[in-house]
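In what comes next, chain A is part of two complexes: it sits with chain B in the first one and with chain C in the second one.
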Partner chain A sequence: MSRQGTRLDTKTVNSELFTLTYGALVTQLMKDYTNVEDVNKQLERMGYNIGIRLIEDFLARTGSGRCYDFKDTAEKIQMGFRLFLGVTPTITNWSAANDEFSLQFESNPLTEFVELPDHCLNLKYANVLTGVIRGACEMVQMEVTSWFAQDQLKGDSVTELRVKFIKRLEDAIPAGED
Partner chain B sequence: MADEVMFEFLHAEIISHVVSSNENEKKTGDLSSLEYLGFSTGYRIIERLTKEWPRFKDELETMKFICTDFWSSINKKQIDNLRTNHQGVYVLQDNAFRFLTRLSAGRQYLDKAPRYVAFTCGLIRGALSNLGINCMVTAEVQTMPACKFHIQVQRT
Partner chain C sequence: MVVAKRRRALGMLGRVLNGVSCEVQEKAYGTMVRPLLEYAAAVWDPYVEVEVRELEKVKRKAARWVKAVRPRTSILDKSLSRGRGEVNLSCYALLFSELVQYCQNRVSTVPDLQNKLAEMGQEVGVKFIDLLFVRERNCKRENKLLNMLLFIKSTLWKALFGREADKLEHSNDDERTYYIIEKDPVVNKFISVPKDKGSLNCAMFTAGIIEAILNGCGFSAKVTAHWHKGTTYMVKFEDAIIARDKQLEDR
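The block that comes next holds the complex of A and B.
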């Protein structure tokens, strides 16, 4: 898609705009809440809200159908990252029961310009991602949980996001309806 | 590279966070933290975007850069009208502002419009501020989804 009237690279501008806006948001949340845990929780909640909307976009763009097993799901989550964040994490460290895996990132667009000061070591900077995964999976009847096992911002060599399958959600009928 | 849709969702979440935390503190209608979020983003991004650029000759040229290149790359369209009185007041008109096009075009949500333009006001103010222009940016929405941004340069 070419857009007239700009000498800037639209894709870079928008990607950086996203990264920097996210940074500004985290800074604001750090001011709003005294407790770092509350910041992590709020980021997760915002991610959840994004996830439940983002899944529609994902389905519309990829036209993908049902997942046959959790491995299939892992690949779709990986595809989601490629589509929306432009990074392809590696899927590794499957648990024996095949209900838990890791996504390893060599780079993360969210943390591109970030250094964590010493007093922020409990902050899960990219925690919005765990919320996005939870929200998106919930909308396709799957309850999962995820957390950061390693984080480059805290000195680890890679960023590792662990995803665990909890259960399949059955269609719930709203109370009071047959 | 992050997709555009991510920014739109994030923007919506930020608004909802700011609005709901204002309601808790009984400060309904206060959008200053939203504007400030935009300001700090604009201040940072413009430094990265213009680092390879020659220095802008004067205020008008800087303004043109903001209204053409910067504006069209973040808002997906060119500005529809740019006017100035040559005394430090610039009016940017967008007939279909990015964050308002998703809302009903009637009058029903007109009172909610300010929260969808506050971030962009801050973004412009931050960008100009880092380029050496102190200004005040306000927005005016009369009919959705059109929006007018007034930039008033503060000369001291």
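The block that comes next holds the complex of A and C.
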């Protein structure tokens, strides 16, 4: 992303434009793919592409250094959501080994105005977020995976995104190779 | 096989009873599928493990089906937000870039890509019509052409991009054509157009939004985006629309 001048601008756009643009993208994917699973996968991949670039922005804005432990990471992911989407998820449900936690969303700008029709119940509408987290963490040498444990669009009372630590990546792998 | 029959019965129920209340569905399942599941179980005795598993699968599927269509609070029960929410620009820029890349991978020429972007924009525009008129105009739509264009230039632009479009001009040589000019559209901000695709303007996305809104409000028009004084959106109305507007003015 090009940077103008030295000052980092904290410009924003209307969240409804964001919501509806994302909606248009998902609609298009639903039209182009016959299989809902492929749509989920594609959304995750797009999220990954966003994540590997968004992390730069995050580091530049917050000036945060390395994480001491996974709890630290959780807080930074939470901060990321606040910074970029303007929502603050709650961190809960730590696993005993401290390698897995949940982010609970009361609201989510991605899913505003959204209702899933009954034939799309397998669609993970906000799956782009799992990709963003994976991409961003990979860029700071951490392999994580995440998935939706609960989803308001499917009738749950909150949206719960579960994040699991897999391993530390020893060598930074360039994006696009594995 | 027995299991297949049951599954068919469940599938049929699913199609027929889509959207009815869950009590009805539970009853329907009870009366139509359950007897099939258990009928004469003693005779064919599902002791083979595979069969038992198959049967359980049908049951589970039924349970999911009943649960899945359980009425949720509808989106219409929520009150309309005031639309002041904001997200970070980088987020939007990256999302938009993914959108453009995705479109680009599915087409081969620049005009096709522009059409695809416009299509996506239309998807957004259609939804913005109601949102804006309900929120800003007390559900009253514009019926004069110029007012409609001004509405787009000011109200729509403010809602979408936080400021008005720079200019609205009427073409000198064609009365059907209007121009909305914006020096620095947010969608083009982080996009560098490759040299071999010089004519590509990703603001076609915005053009799509405008077109959908005009068409949705009964002002059939074609909207395209061009590189001119920044980005110029050329709005070309159909003859009938101009004629109608003149009639309105005469009255």
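The definition used in the following text is that the second predicted complex is superposed on the first by the 158 of 178 C-alpha atoms of A that agree within 3 Å, B and C clash if a C-alpha of one lies under 4 Å from a C-alpha of the other, contacts with A are read in each partner's own complex, and residues count from 1 in each chain.
Note that in this section a residue touches a chain if its C-beta (ideal position, glycine included) is under 8 Å from a C-beta of that chain, and two chains touch if they have at least 3 such contacts.
This is a predicted model, so every value here is computed, not measured.
S.K.: Give one of first, second, both or neither to describe whether A:D57 is in contact with chain B, with chain C, with both, or with none.
M.R.: both
S.K.: Check whether A:D118 is in contact with chain B, with chain C, with both or with neither, and answer first, second, both or neither.
M.R.: second
S.K.: Could you look at A:L20 and tell me whether it touches chain B, chain C, both or neither (first, second, both, neither)?
M.R.: A:L20 sits against chain B and chain C alike.
S.K.: Touching A:M46 in the superposition: chain B (first), chain C (second), both, neither?
M.R.: A:M46 contacts both chain B and chain C.
S.K.: Who does A:L169 touch here: chain B (first), chain C (second), both, or neither?
M.R.: After superposing on A, A:L169 lies clear of both chain B and chain C.
S.K.: Between chain B (first) and chain C (second), which, if any, makes contact with A:G155: first, second, both or neither?
M.R.: second
S.K.: Based on the A-chain superposition described above, do chain B and chain C contact any of the same residues on chain A, and if so which?
M.R.: 9-18, 20-25, 27-29, 32, 42, 46, 49-50, 53-54, 57, 83-86, 109, 113
S.K.: Of all residues in chain B, which touch chain A in the complex?
M.R.: Per the touch definition, chain B meets chain A at residues 1-7, 9-11, 13-14, 16-17, 21, 33, 36-38, 40-41, 44-45, 48-49, 68-70, 72-74, 76-78.
S.K.: Please output the residues of chain A touching chain B within their complex, sorted ascending.
M.R.: So the residues of chain A touching chain B come out as 3-25, 27-29, 32, 42, 46, 49-50, 53-54, 57, 83-86, 109, 113.
S.K.: Using the touch definition up top, name the residues of chain C that touch chain A in the complex.
M.R.: Touch residues, chain C against chain A: 18-19, 68-70, 72, 74-75, 81, 83, 85-96, 98-99, 101-102, 106, 119-121, 123-124, 127-128, 131, 159-162, 186, 190.
S.K.: Would you pull the chain A residues touching chain C in the complex into a rising list?
M.R.: Touch list, chain A to chain C: 1-2, 9-18, 20-25, 27-29, 32, 42, 46, 49-50, 53-54, 57, 83-86, 109, 112-115, 118, 121, 128, 154-155.
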